[in-house]
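Shared between the two complexes below is subunit A, which has subunit B as its partner in the first and subunit C in the second.
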Partner chain A sequence: MLKVDQLSISINEKNIVEDSSFLVPRGKITSIIGESGSGKSMTVAALLGNLPLGTETTGKALFDGKDLMDSSTEEIMGIRKTDIFTIFQDAANSFNPSVKMERQLYAFSGGRNGDTVKQFRAKMSSILVELGLSVAIFHQYPFELSGGMLQRCMIACALYVKPNLLIADEPTSSLDRVVQKEFIDILKVLNEKQGTTTLLITHDLDIVAEAADEMIVMHAGKVVETGSVAELFARPTHPYTKRLLESRF
Partner chain B sequence: MSVKWFGKRMVMGTIVLLVISFLSFFIMHLAPGDPATAFYGGNAQTLNTAEKERISRAFSLDRPVIEQYGLWLKEILQGNLGYSSKEGRPVTVILLERLPNTLLLFGVTLFFIIIGSLWLGTVAGMQKGSLWDKGLSTISIATSSIPSFWLGILFISFFSVKLGILPSSGTGEVGGDGGILDKLRHLIMPAAVIILTHTGIYARFLQESIKAETSKYYVMVAKANGVLEREIRKGVLRNASIPYLNYIGMTIPSFFGGSIIVESLFSWAGLGQLLVKAVMMKDFPLIMGGILFTGLLVVFSLFIIDLVMYAVDPKLRKGAYSR
Partner chain C sequence: MKSRKVLLFWCVVLGLIVIMTAFAGLFSTHAPNDMDMDKIYVPPGENHLLGTDHLGRDVFSRLLEGGKVTLTVAGVSVFLSLVIGVLYGGISGYVGGYVDVVMMRFLEALITIPSLILILAFQAFMQGGMWSMALIIGITGWLVTARIVRSEFIRLKEAEFVKMAIMFGTPVWKIIFGHMLRNSVPAIFVVTLFNFAGAVFIEVSLSFLGIGVPPAIPSWGNMLYYAQNDILIGAWWIGLFPGIMIFITILSINFIGEALKDPGRRRLNA
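Right after this comes the complex of A and B.
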């Protein structure tokens, strides 16, 4: 599905990510793990064409054969709209505070697909109920909902649009343990039922162990090890991966 | 609308007016000169002590200051602002004569300032790094640095003296029909001076507000997920308009202050010009009434801005700021 080849990202001639290569296989949950500053989120930003001004990139990122690094802004925008859905870390700030949830959820889901508001209401209502949310949130503003509820709203949109690739960038770090568990369960259901290919970025090894099939270990801007979760947990080769595994409780 | 919010605004507005009345009364009380002089001008010297005492008694000036203030306030609440010591007519009548002119100048200038700054600020703010963006940043500083009285003099010199196409002063032709077209012709220059010296800085404020808003997290999330650009812009503008409206609200009082200069320069027969004349002539009742009237206008304008903010900002409606 996604093949990243020799990706390097630099800001003001300082390398943030260096020669990273990895594969995100179709229909699986692949996790990028690494500590803060290891270049995980920058890699995601590069894939989404969302890098800050003055950033330079080299290498390739083939998404279904199309090089994301070599695409025009319009092409990237098209891919963002039709193929990829991204859930970010800070759910509380992921929505516009002065627009009602219905309008925003529509923009994130039905609006992307070209559905009418009526179609959207019917479909989204059942998804919200499935996720344990009331349809009353349609008429509420983001600041009236909790971080966990807002993150579930984002998942609701992902369930709605059924993207080819779901990217979740540290989606659970601002949530408490119980909500984290719920979130991971939903990701797994989404993957099992709809076969959604997922790229899960995290610094939490427990989440990797719980949810992911494949893992990519990043350290200081480099991909140091890749492989299946079972394999890497059993036989880590890179010293950083070993240290990471040893640090688990 | 929340009754509690409405009530709170009304109470706050009343307190502001009370403070204004208190200040205007006591500042006038401390001002040099005495009321007898104000009434009789140079002839006051010819008054004997008994006559001066009679004047003091007539105006309750022989009572303690606080009592004088109380009596004054009581009369004001009944709509009586006293009599002008120069014209001998009720202050309320004189002020009401001038009010339409001030409202016209204020309304027209504020309308064009808002339209102009909304347009310039949005275009510049939405195109970060563009020529519009950089241009507005520079021009706004230049235009807001120009003193309005100086620009006014330039205008008079150019449009009235040199070209002779616009009247240099007044609100209508002497002997004219006093029609709206005549008034508008007289309005062009004073309004243009205020608009030109204010639009830039309001536009700059909105531009910065939009730029700050477009770098917010939710915009990044929406863009990354292919939300329509039009939808994102709408949301950004709505949020950016909240600090902009706040800024307009905060600057309305100084707006009235600034218009005093412009009204005097162009002899625009509004409240500002009236106040300046009243100060020159030590017409105490008129000054106090004028200050109070201007205060009332400011409080009312702020109330309108508050209502707009209430409509635009859901956090205000839902009381999220006080949580």
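Right after this comes the complex of A and C.
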């Protein structure tokens, strides 16, 4: 699905990410794990063409055979619009605080597919109910909802759009444990039911253990180890991975 | 909840002033420019609620008419400065980089010049009436608005929901209006209110100095200007009432602005 090859990112000639190569296989949940500042989020930003000004990238990122690093802005826009859905760290800030949820959810889901508002309302209502949310949120503002509810709204959009690749950048770090668990369960259901390929960026090893099939360990801007979760948990080879596993509660 | 009541009280006060002056014709007892030489310097009382001035004109009616002029000048100028400020600050904040640096240095250069001096200079060669007054106050009053809009735009440009919108390929105009300008409204509103109070004050000062609204048109500042001599002969009512009106108007605007500025009223992260 997604093949990243020798990706390097630098800001002002300082390397943030160096020669990262990894694979996100289709239909699986792949997790990038690493501490803060290890370059995980930067890697994602590069994939989405969302890097801050003044950054330079080299290397390739093949998405269904198309190089994301070498595409025109329009092509990337097209891919973002139809194939990739991104959930960010802090759902509370992912919504415009002065616009009611219905319009925003529509913009994030139905509007992208070209559905009418009516189609959207019918389809989204059932998704919301499925996720344990009330339809009343349509007429509420984001600040009237909790972080967990907003994150579920994001998931609802992902369920609606059915993207080929779902990127979740630290989706659970602003949620409490119970809501985290719920969120991860929803991700797994999404993956099992719809076969959504998921790239889950996190610093929480428990979440990796719970949800992911494959894992990529990043440390100081480098991919230090990749493999299946079961394998890496059983036989870590890189010292950082070992340390990471030892630091679990 | 106390601040809410305070806010409501001052809104009512300001509302009353605005309505009374806007519909001056309905409330006034005499025509504002009608002179009655038999009744000059009549103290407040029957028939003339707030007395008459040196030409026998009814102070109450002139007060309402003058308020209309003063508030119109202030309103038009604030609208003008709002438009210029939002455009200037918006461009500076949204584009960023060198454009921002150049625009901000230019703005800082302008801010260092006291606006009253600029206004005096403009007024000297425009010799204006009411509308040119509004124009002059407007084109000198946008600086603070521009700064606020710029800082709001810079803050919101980094906000996650704006990045999200960009990611989803939302058109630029939609991001600027729907996401950035829309969420700057609380800040812009407050600064515009304070600008309004400032504009009232500038109109009054200029008219008081005798270089504002032409003498034929009553305005609060004009009335104060002519009242200077009258006070010496004991006709306190001619100067007192416009003074009180100016005082209450500016006070109520400032209290409203202050109450709205209260961060507790703002939406989370808005």
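The rule is simple: the second predicted complex is superposed on the first by the 249 of 249 C-alpha atoms of A that agree within 3 Å, B and C clash if a C-alpha of one lies under 4 Å from a C-alpha of the other, contacts with A are read in each partner's own complex, and residues count from 1 in each chain.
Following the convention adopted for this analysis, contacts are C-beta pairs under 8 Å (C-beta built on N, C-alpha and C of every residue); 3 or more make two chains touch, one makes a residue touch a chain.
Because the structure is a prediction, the values reported are computed rather than measured.
Asks: Should the pairing of subunit B and subunit C on subunit A count as a clash or a fit in the superposition?
Replies: Once subunit A is superposed (C-alpha atoms), there is a clash between subunit B and subunit C.
Asks: Scan A:T82 for contacts with subunit B and subunit C and give back first, second, both or neither.
Replies: first
Asks: With the two complexes superposed on chain A, say which partner A:S94 touches: subunit B (first), subunit C (second), both, or neither.
Replies: both
Asks: Which of the two partners, first being subunit B and second being subunit C, lies in contact with A:S146: first, second, both, or neither?
Replies: Touch partners of A:S146: none, neither subunit B nor subunit C.
Asks: Who does A:F108 touch here: subunit B (first), subunit C (second), both, or neither?
Replies: Both partners, subunit B and subunit C.
Asks: Name the contact category of A:S134: first (subunit B only), second (subunit C only), both, or neither.
Replies: The answer is neither, since A:S134 touches no partner chain.
Asks: Per the definitions at the top, what is the overlap between the subunit A residues touching subunit B and those touching subunit C?
Replies: Of subunit A, residues 48, 50, 77, 80-81, 86, 88, 90, 93-99, 107-108, 112, 141, 143 contact subunit B in one complex and subunit C in the other.
Asks: Of all residues in subunit A, which touch subunit C in the complex?
Replies: Contact set of subunit A toward subunit C: 48, 50, 77, 80-81, 86, 88-90, 92-99, 107-108, 112, 141, 143.
Asks: Can you check the complex and tell me which residues of subunit C touch subunit A?
Replies: 159-161, 163-170, 178-179, 182-183, 185, 267-270
Asks: Can you list the residues on subunit B that touch subunit A in the complex?
Replies: Where subunit B meets subunit A, its residues are 216-218, 220-228, 231, 235, 238-239, 242, 312-315, 318, 320.
Asks: Help me check something: in the complex, which residues belonging to subunit A touch subunit B?
Replies: Contact set of subunit A toward subunit B: 48, 50, 77-78, 80-82, 85-86, 88, 90, 93-100, 107-108, 111-112, 141, 143-144, 157.
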